[in-house]
Every structure is written in C-alpha cells, then in structure tokens.
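Take a look at the structures listed below.
The same chain A turns up in both complexes below, where it pairs with chain B and then with chain C.
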Partner chain A sequence: MLLPALVLLLFLIVYPFVRTVELSFMQQKMTQATGKFIGFKNYSRLLGSSEFWTSFGLSVTWTVTNVIGQVVFGVIISLLLNRTFFCRTIARGVSLLPFFMPMVSMMLMWRWMFNENYGIINSLLYSLGITKEPVGWLSTTALAFPSVILVSTWRYTPFVTMNILSKLQTIPTEHYEAAAIDGASGWKAFWHITLPEIRDVLQIVIVLRVIFMFKKVDEVMILTNGGPGTSTMILPLYTYKNTFESLQLGRGAASAVLLMLFVFILMVFYFRMFEKEDDVR
Partner chain B sequence: MKARLPVRIFCGLATILFSLIALLPILWMLLSSLRPVSEFFKMPQTVLPDIWTFENYVNLFKKTNFTTWVGNSLLVSVGTVGICILAATLAAYSLSRFSYPGRKAFVIFSMIGYMMPAVLIVIPVYLIFAQLRLVNTLLGLIISYIALTLPYSIWLLRAFFKSLPISIEESATMDGAGTLVILFRIVLPISLPGIISTSIYAFSYVWNEYLFAAILLSSDSMRTFPVGLKSFVNDLYIQWEYIMAGGIMVSIPAMILFLVSQKQLIQGMSAGAVKG
Partner chain C sequence: MKKLFSIILALVMCLSVLSFAVADEEIKLVYWSPEDDESAIAVDNAIIEKFVAAHPGVSIELQHGSLSDILAKISAMAIAGTTPDFAFFSPRYVAAMVEGGYLEELTDLYKEIGDIPASFVTPTSSEAIYDIPCVMDSICLYYRTDLFEAAGITPPTNWDEWLAAAEKLTQDTDGDGVNDIFGMTLMGGIPDDYFGFTPILWANGAEFFNADGSAAIDSPAAIEALDFAKKLAPFCPPGMENVNYSDNLVLFASGKTAMVLAPGRVMLSIEEYSPDLLDKIDMVAVPAGPSGDKPVTKVSINDFVVFNNTKHPELCKEFIKFYMSDESYELFLTNSAPGHMLPTRNAYLEDEAYLNSEKIAYKADKVKKSLGLAFDYGSDYVLRNGGAYNPNLSEGLASTVMAQQINKMYLGEVTAAECAKTIADTWREDFGIN
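On to the complex of A and B.
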C-alpha cells in the first residue's frame, strides 16, 4: 500500500534531488544536454563571490525580521481575538483572510498599492500632506526590502494567529479566575499562565516559519523580482536567476544545494523538538 | 472575568485596527476592479470610483484567456488532489497500522520532502520533463504538483488515522475482512473529515502555486491563472484593470472555500497537524 506513494516520491523528490547534487558538480549550460565534471568548482566560486554572501545576508535578514514580525503580531492578535466580544467570529475570519487569498492576486495588488505615481498609499500620504514627492516603495534600494518584508508579514501573520488562537482556546478560564483572586491579572496572568501554555506551539510555529520563510521565493519574485539592483535578491531567488535567467545550470544547482543545506540545519532543530515529545514513531 | 473599561476599549480599538489592516487591501482590490481604466491613472485617487462599472470584468472574459486559465487551474487542481489523496491515503493507512522496517525513515523522509525548497526541485524536474516532453503540458504540471503536495498529505492523514480507535478494524479482521475492504468500507467513511482537510490543503496549495507553473508552462493557452495574472505585467505597461478584476474573480472560490470549511481548512494548515 505504501508502494504508489513510495514510487511517486522516489521519482519526484529523491531522483530530482540526486540530479541536482550531480549537476552541482558539473559545468553545464541550460542549452547543453550534458556537462563537464568540474568537482567543487561551482561551490568554491559561489562561496568566494560577494553576490552569494549578499544574498545569504538578505535571506537571513528577511527570515529573522519576517518571523519576529509574524510572531509578535500573531500573538497580539490571537490574544485580542481570544477575548469575548461582539462580532468575534467575523473578526476572526477577517484576520485570517490575507493568508487564504490567492498569493498572486494579493502580491500584484500590493504592487499596485505601492505604485509610485498612482498607488493609493502615495495618494493618501500626498492628500494628508505628509509627503510632497512620490515615494518609491518598491523602486528604491533603501525602501524595497522593508516594503517586501512588510507585505509578507501581512500575509503570514495569520498562520501564527491561527495556531496560537486554537491553543489559547484550550486554556480553561478557571486558571485566570484563580489567578485574579490571587491578584494576578493582565501582564502577570499572561506571563505566568498564558505564555507557559502556548510555549510548545510557539516553538514549533517559529521553527516552521523560519524554514518556510527561508526557502520562500514566489512572493519576492512577483513584487520586485530581486530588484532594484540586487536589493531584494534573497538566496532562493538568486538560485532561480542563476538557473533560469543566466542559464548556468551547474552554478544554480550548487546554490540550490547550499540553500538545502541551510534548510536542513533548521530541520534538525525541528525534529529535535519532536524527539522530545516522541511523536515520530 | 471582565477587564476594566479603558482596557476593553483599547483592546476593541486594537482589534478593529488589525482587522482593517487585514481587510482594507483586499477591499481596495475590489474597489479598483470596479472603476474604468482612466480612473486608475489619476492623482489623488478617490476611495470610491467616480463611475462604477463592470467593464473590466467583461473585457477580462472577452479579450483575454482568463477563462482558459481558470479552467486549467481547476483541471490541474482536481487532477492533483485526486491522485495525491489516493496515494496518500494508502500510504498513511499502511504507516499508521502496520509495522515494518523503514517505517520511521519513510515518515521522516516525507517530512523532509515537505520542507525541501521548491526552487531545488524545479531545476531537475524541468530538465527531466524536457526529455520526457512534459514541458508545457498540464499533465507535467499535475505530476510535479503531486510531488509537492504528497509528503504533507501523507503526514496529515497518518496523524488522522493514528487518532482513530483501532478496535473496529480488529473486529472486522476477526470477521475475515481483508485490509483493502476494511480501509474502504470502514476506515474511510469515518475518516472523511481528515480526508477533507487534506484535500483542502492540497487544493489550495495547487490553486496558489506560481513557481512551477511559471517555469513549466510557456504558451498562453496552457497557463494556470497565477501565471496568467502575472502575464498582465509586461515590460512596457501593466494592465492593472485586468489584474484587479481577475484577482477578485479567483479570490471568490478561495473565499467560499474559506467560509464553508474554515474549520477543516485551519485544521489542515495549522502546525498542530504537523505535530503528528
């Protein structure tokens, strides 16, 4: 019964992976059918190039800022939504929307809102008298990267909200009532009751978000495609460009393998967490 | 337990603020899609269109390949989900019920597959498909999407099967029912919620996928809608009116799916499920 899945995964994940590793030792252009074995040259060239390290640095910044933003806002929003109030169901649904709407349409829409000449954001800033000159949100080197991070934080915060909220709902209210009798409420209650309860979920969510943000490529591709210059060229996008635009298969593959290596290190953390809870049997 | 009034007002305002941040961009897409092209290029922008019109939608359907793209997307989604769920169900059931060497390795391996960067897989897949003449075909896209959705589907379903009581199956075995009979007659009907969650996960993955579609599909009539919408961004100019109208059109199914099956959707996408 395992066979169909096994065959599919061998053919579609394992074999491609092996092919990529093999390619990374070759000098081969997209137009060539076979390549020339050059050993670790692709790797040494990549690791010696400043472009690679710039991309790597951007990827680290991208991942760290994104995950911090998503976790901070996600926790705050889930705490807010866990309170009882009028229209709670609607507010919960709305707060999850950015994550469930089609990715391409959301990204293109942000591109339109960020448009330098006719975007609503510049239009509002202009009308309110805050700026006189149009702001190049996605078209200037200084602003493009923060803008892109802002958009992806907007899109992925709901993932954190959703997970934390469902954990919060399992905490019995008696805990808080008991704490209130002892005079602990607000910040103290959060620190001593809520945080310990959500700690495990939070850990897993953080590691998952780190892995997924680190390997993410499509959003930046649509928003800025790495530009202007290389100011938003995160590592997965650098890999993509090497392979499909410079058509350097070998170098692209080597950079993909390095990317995988980083993801793999992160994955080890993830599996460590499971070992603790004994879930993978 | 009720907090003090200023705290409650503050929290209420914060909730409203965050809801607006989530909602306003989507609302702006809707409002933009309903104004004539000329109104896109004026400053300052008015919040409501001066002239309300459906012409962007009409033109989108008349003058572009939009319906073909959505059709392709549907075909690819349904094809992928069907095969993926069948293979995942069989694998997950076997992993959760039988014990054999390599079982743990397979589970970990499928998790690694789930976390593998798409950009790594797409390079060799493109080369292999070029040899097999699967580039620029929907079949090729379906095959590669199965690779992308299968690992996590197995993981989800395995977690679900593990949570089911085993006693019914044991008594069915006593009565002489075979493994496949038990799976299809007894296990599947009670696992329907898990299968629905998994299908929704796979469907929304495929419905949203951009990278593989952008690389594997080259002709306009083969495109799925994410690549199609992106193709309105040309080097020379961008057809914003089609992007907005099309963006709203493809968001509607996503919205409906979200409203109808919020619970299963969240179940399928949350880290709780990944926990196994």
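On to the complex of A and C.
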C-alpha cells in the first residue's frame, strides 16, 4: 500500500537530497558530466566568504521582517474581517487577492509601479508635492531591500489572514460577551481570549511562513535580481546564481545544503521553544 | 458472430501495426531557439512549414528557452543526452559545447553556403567549424539628430566629445529644476550591465581576457573604460542602476535620452512608442577611447548548431542550408525584427531586394549604415584576440561577479579599479588562470 508513496518519496525527495549533498563535496561545473571530489573545500570557501555571510544576514532580515509584517497585518486584517459589516464577503475576497494573483505578473506590475521615470508611485508623490525628484525605490541600496520586503509582505499577508480568520470563526462569541460583562476592554479581550485561541494556528503559520520566506527567491529575482549591487542578494538567490549563472554546481550545492541546515536548526529551536511553553501550560 | 468479431479485431490490429510502421517512418526534429519575439516565431514557423512541405514524413518542433539561462539549460540537456536536434544561439556558448563534445562538425555546410565571412565563425580548439553564423545585430551609438543640431554639436568621434555631448544634452526643458531629458542611457542593471559596457571596453582597446586566456579586465585600459562608463552615469536617467536591455531601448525610444548604445531593435521600439522620432535618429560606431585605435560596433552573432546526439544530422544540416538559402533567408531578414536582425552573408550587403522590401525600405538608409558599420568595425565576444579560442569565455561572461561589480561601480560602492580587480581575482581563482 505504501509502496507508491515510498517510490515517489525516494525519487522526488531522497534522491535529489542525496545527490545535492554528494555534489556539495565536488568541484563540478554545469558543463561537465562528472566532477572532482574536493572534500569540504566548497563549505570552507563559502563559510569564509563575506558575500555568503552578507547574503545570510540579508536572508535572516528578509525572513524576520516579512514574517513579523505578515503576522501583524494578517492578524489585524483577520480581526477586522471577522466583524460584521456591509459587503464583508466582498472585502474578504478582495483582501485575499494578492495571494492568488499570478506571481510574475504581480512582480512585473510592482516593478513598473516603482519605476523611477514612469512609475505611478513617483508620479503620485511628485504631483502631491512630497518629492521633487524621482525616488529610486529599486535602484538605490537604501530603498531596494525595504521595497522588496514591502511587496512580499503585501503578497503573503492574505495567507496569514485566511488561516487566522478560519480559527477566529470557531471562537464562541459567548466568551467575548462574558468578557464584556466583566468590563474587559477590547485589548484585554484580544490578549486573554483571542490570542490563546489562535495561538496554535499562529504557531503553525509562523513556522510555515519562516520556511517559505527563507527559501523564497522569485520576488527578489524579478524585482531586483539581487541588486542594486548585492543589497538584496538573499541566500537562496545567492545559491541560484552560484549554480545556474556562475555554473558552479558544487558550490551551489554546498550553499543549498547550508541553507537547508539553517532552516532545520531554526525549526528545531522553534519547536523546542513551543514544546517547553506547552509543558508549562 | 464470433468469427466476424475476430476478423474485425484482426483488421484493427493490422491497421494499428501499420500506423506504428508509418509513425516509425516519420522523422521528428526538435529545433530550439531563444528568440521569443512574435515576428521571429512566426517567421521560423513559416520557414519550417515550407521545409516540411518539401520533405514529407518530416516534422520540426520549434521550442523556446530564455536567453539568460541558455548555457545552464543546454549544458544540463547535453549531459542528460536530451539536447534538441539543432539550435540557434549565441556563439559564446559554442566553445563550451565543443569542449564537451556535444556538437556536430559543420565545415562542409559552411563551405556550401559559401559567402559568410570566416571572421564570423566561432573559433574552437580545432580547425573544424561547428556553427553557421546566421544573423547578427549591430550595437552602435544611436543619437537624436534634432537634439544635437539644437545644441550645436556634432556626433562624438572620441570620448571627450562623447562625455561633453552627454553633459550638454542633459537638460531641464520645462524649468521645474529637475532634468527631464538626459544625454545618455546605459544598461546599469544586473545582469545586462556588462553587456552594455562591452562596446565601451573594446573601443578602448581593452578585453575581458587576453589571447592566452589570462584575465585582462584589470588592465589599465579596461579600468579606464570602466571609469569612463561611470562618468557617463550621472547623465543617464534616474535609476540607471536598474536599467536592463528593454528599459534601455524604451528610454531612448520614448524621447527621454539623446544617445543610446543599442542594436537595430531600437528602431522597432521607436516605431512602437514614437514613430515620429524615426527620422530624427542616426548612428555612429562607438568612438575609440584614449587607449583604443579605432571605433567599434558590438555585433551579436547568432548561429545554428547541430547537436551530435541527433539521429538525423544530415537532415538538420539540410534545414539549416534551406534556412540560409535566398528565399528563406530573405523571408527571415524582412520579417523577423526587420532592421534589427542583419544578414551575415556578404551577398546581402547591397542586396536591393532586401533593402527595398516593404519592412526595410522606409529605414533602408539606417539599416544599410548599421550593416556597413557591423562589417567595418563589428566584433563579437568570440572574435576578440584575433579569434583565439578561450575555453573559459562562456562561463566568464555568465559569472555573476562581473555584473555585480559593475553594478556596484555605478552605485558608487566600488571604484573602477576595485571593480576590475574583484572580477579578475574571481576569474583567476575559478578558472585557474593568470
């Protein structure tokens, strides 16, 4: 019964993983059918490279800011959408749109919106008198990374919204009524009723968002391609470029293995932290 | 009834066996091209249709891939043994393919076609020819004749004049204190920045690699070229550090800039965005720099190659010969990005039918000029150093370090010398060269 699933697992996960680890110990270009075993040289080169650690730092910043933004805005929006108001259904649909729209089209749209010469954002800022000169949203090192994080937060907040909203709808309203009778403010109701109820969902959502965001490459690739300079060169993109542009299969594989290890360590740490909290409760 | 059923079943089985036999006789070739321009696809399909009509039992499937990851894709396909039968791509990937033993020799086909300059053929480690140069584009310095006239300046013939023109033509035309027309536009974004820089490098007599394969990007002449490109940057529209190939064309075509290093495709962009500008542009070769001795145009040749795991090499060669024959070749040149795709065959330099064709005639003077500049001053990556073969060329040009460092230079994060040194040091380490 399990055989088909095991075969799929073997070919889609186990074999690529083992092959990647094997490649990480080789010096092999993409134009070569075989490589040369060099031990841990790829790893020592990467771990001794300032570019690698810069990319790692950018990835951590990218992941943390994205996840915080998505969770905070996702929870706020889901709380709002949980209330009863006119056209709530339409509002719910519209709020989920960024997540379901085609990624490439959206990123190209944002790229044009950010364009220094023709973009609508600069045009609006200029017509409102806020700026007198074009702002380099994607072409200056100071603004490119925050701009990309903003776009990514906008895109993936609905994922958090969807999950939290689903949970919010299962919370009995009597809890809030009782809290209101006891004189609890909105904030206290949120802290003592809502948050504990959505905690489990939040944990899963945060784990998923961390994993997804740490390995994300497409938004950054389309918006800035790691530039300007290397100011948005997050680790997955660094890995991609090493492998498919510099054609260094071995080095790219080593970078991919290190990326996987970082995420794994993060997850182990996270789950242990929440296990302890669950034990305390 | 059972007998009838058995007879019908036997007939059906015979027919299916027959169809398999017929299918076995049908030959299917896969033709791979990175040209995703609508007109290019339409022309390719039209030529395929004519060839297939003349060759019953043959079908050709046209497949496309992105220009930016050709080498990675084709390399992976070559190693897996799943390459197309033949392909159309840049000669800078040919050397790596030949080195890997993946290409079919095409020396006889080249001799049969007969009028392609030998200087356009990709040099390899052997005397044999592995690619048929089919078409090229010619990157020249296009400029706005009306803006130059109004400013009282002539097209630049050296770098001082070039820089002075860029500065003079960067103007605030509506008096709001912000420049709204710019002297120059350059590709400053990753990964196209090195491509935009290439003609400037060569015009200064500098190279990416020396003839012996050692790194040359950190030579004094190369650093001088990098420095000059950086000096042009302030006269480019804001955001040049993120400008790619298409943005570059659009900026000039929409009238935002007075000069651009571009191929003939810029004329197609002008026809799309501002057709009235077409009569207000002209071009010159890229002026020689202080360390250079002659102007340059950067040609991008695209070649046909045949992969040696094809089961039908002679048929592939026959298709290429058909494609390069007058009838198909003219169809291709006059319909696939006309004026941008230029012929590599000598016979077409003055060919009246080509220059008077409907889609070329109204801009024939410009097409003829860019063609002339290509034949007079044109050079491509693989043709540098007298055509000396360099096994690291493909990977050197594809490496991320060059695009990143040039971008950082435009951003002011590194100097020209630092940029050059980092690129050269990385290549030396990666390729084991001097």
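By our rule, the second predicted complex is superposed on the first by the 266 of 281 C-alpha atoms of A that agree within 3 Å, B and C clash if a C-alpha of one lies under 4 Å from a C-alpha of the other, contacts with A are read in each partner's own complex, and residues count from 1 in each chain.
Here is the rule we use: a residue touches a chain if its C-beta (ideal position, glycine included) is under 8 Å from a C-beta of that chain, and two chains touch if they have at least 3 such contacts.
Note that the structure is a prediction, hence the values are computed from the model and not measured.
Chemist: Based on the superposed arrangement around chain A, label chain B with chain C as either clash or fit.
Modeler: Superposition check on chain A flags a clash between chain B and chain C.
Chemist: Applying the touch criterion given at the start, work out whether A:Trp154 contacts chain B, chain C, both or neither, answering first, second, both or neither.
Modeler: first
Chemist: Please indicate which partner A:Gly69 is in contact with in the superposed arrangement: first for chain B, second for chain C, both, or neither.
Modeler: It touches nothing on chain B or chain C.
Chemist: Is the number of chain A residues in contact higher for chain B or for chain C?
Modeler: B
Chemist: Return first, second, both or neither, reflecting whether A:Gly250 touches chain B, chain C, both chains, or no partner chain.
Modeler: neither
Chemist: Quick check on the superposed pair: does A:Val104 touch chain B, chain C, both, or neither? Answer first, second, both or neither.
Modeler: The answer is first: A:Val104 touches chain B but not chain C.
Chemist: Taking the superposition on A as described, I'd like to know which of chain B and chain C A:Asn117 touches: first, second, both or neither.
Modeler: In the superposition, A:Asn117 touches chain B and chain C alike.
Chemist: Looking at the overlay, what does A:Gly229 touch: chain B (first), chain C (second), both, or neither?
Modeler: Touch status of A:Gly229: second partner only.
Chemist: Hey, what residues of chain A end up touching chain B and chain C alike?
Modeler: 117, 243-244
Chemist: For the complex, give me every residue of chain B touching chain A.
Modeler: It comes out as residues 1, 3, 7, 11-12, 14-15, 18-19, 21-23, 25-26, 28-29, 32, 40-45, 86-88, 90-91, 93-95, 104, 106-113, 115-121, 123-125, 127-128, 143-144, 146-147, 150-151, 154, 179, 204, 207-208, 210-211, 215, 225-226, 229-230, 232-233, 240, 243-244, 246-248, 250-251, 254-255, 257-259, 262, 265-266, 269-272, 274-276.
Chemist: Which residues of chain C touch chain A in the complex?
Modeler: Its residues touching chain A are 69, 71-72, 75-76, 78-79, 96, 99-100, 177-178, 189-191, 237-242, 251, 256, 394-395, 398-401, 404, 407-408, 411, 413, 430.
Chemist: Can you list the residues on chain A that touch chain C in the complex?
Modeler: On the chain A side, the touching residues are 29-33, 115-117, 132-134, 136, 138-141, 224-230, 233, 241-248.
Chemist: Considering the complex alone, what residue numbers of chain A touch chain B?
Modeler: 1-2, 4-6, 8-9, 12-13, 15-17, 19-20, 23, 73, 76-77, 80-81, 83, 85, 91, 93-106, 108-113, 117-120, 123-124, 126-127, 154, 158-159, 162-163, 166-167, 173, 176-177, 180, 185-186, 201, 204-205, 208, 211-212, 215, 217-218, 221-222, 236, 239-240, 243-244, 249, 252-253, 256-257, 259-260, 263-264, 267, 270-271, 274, 277, 279-281
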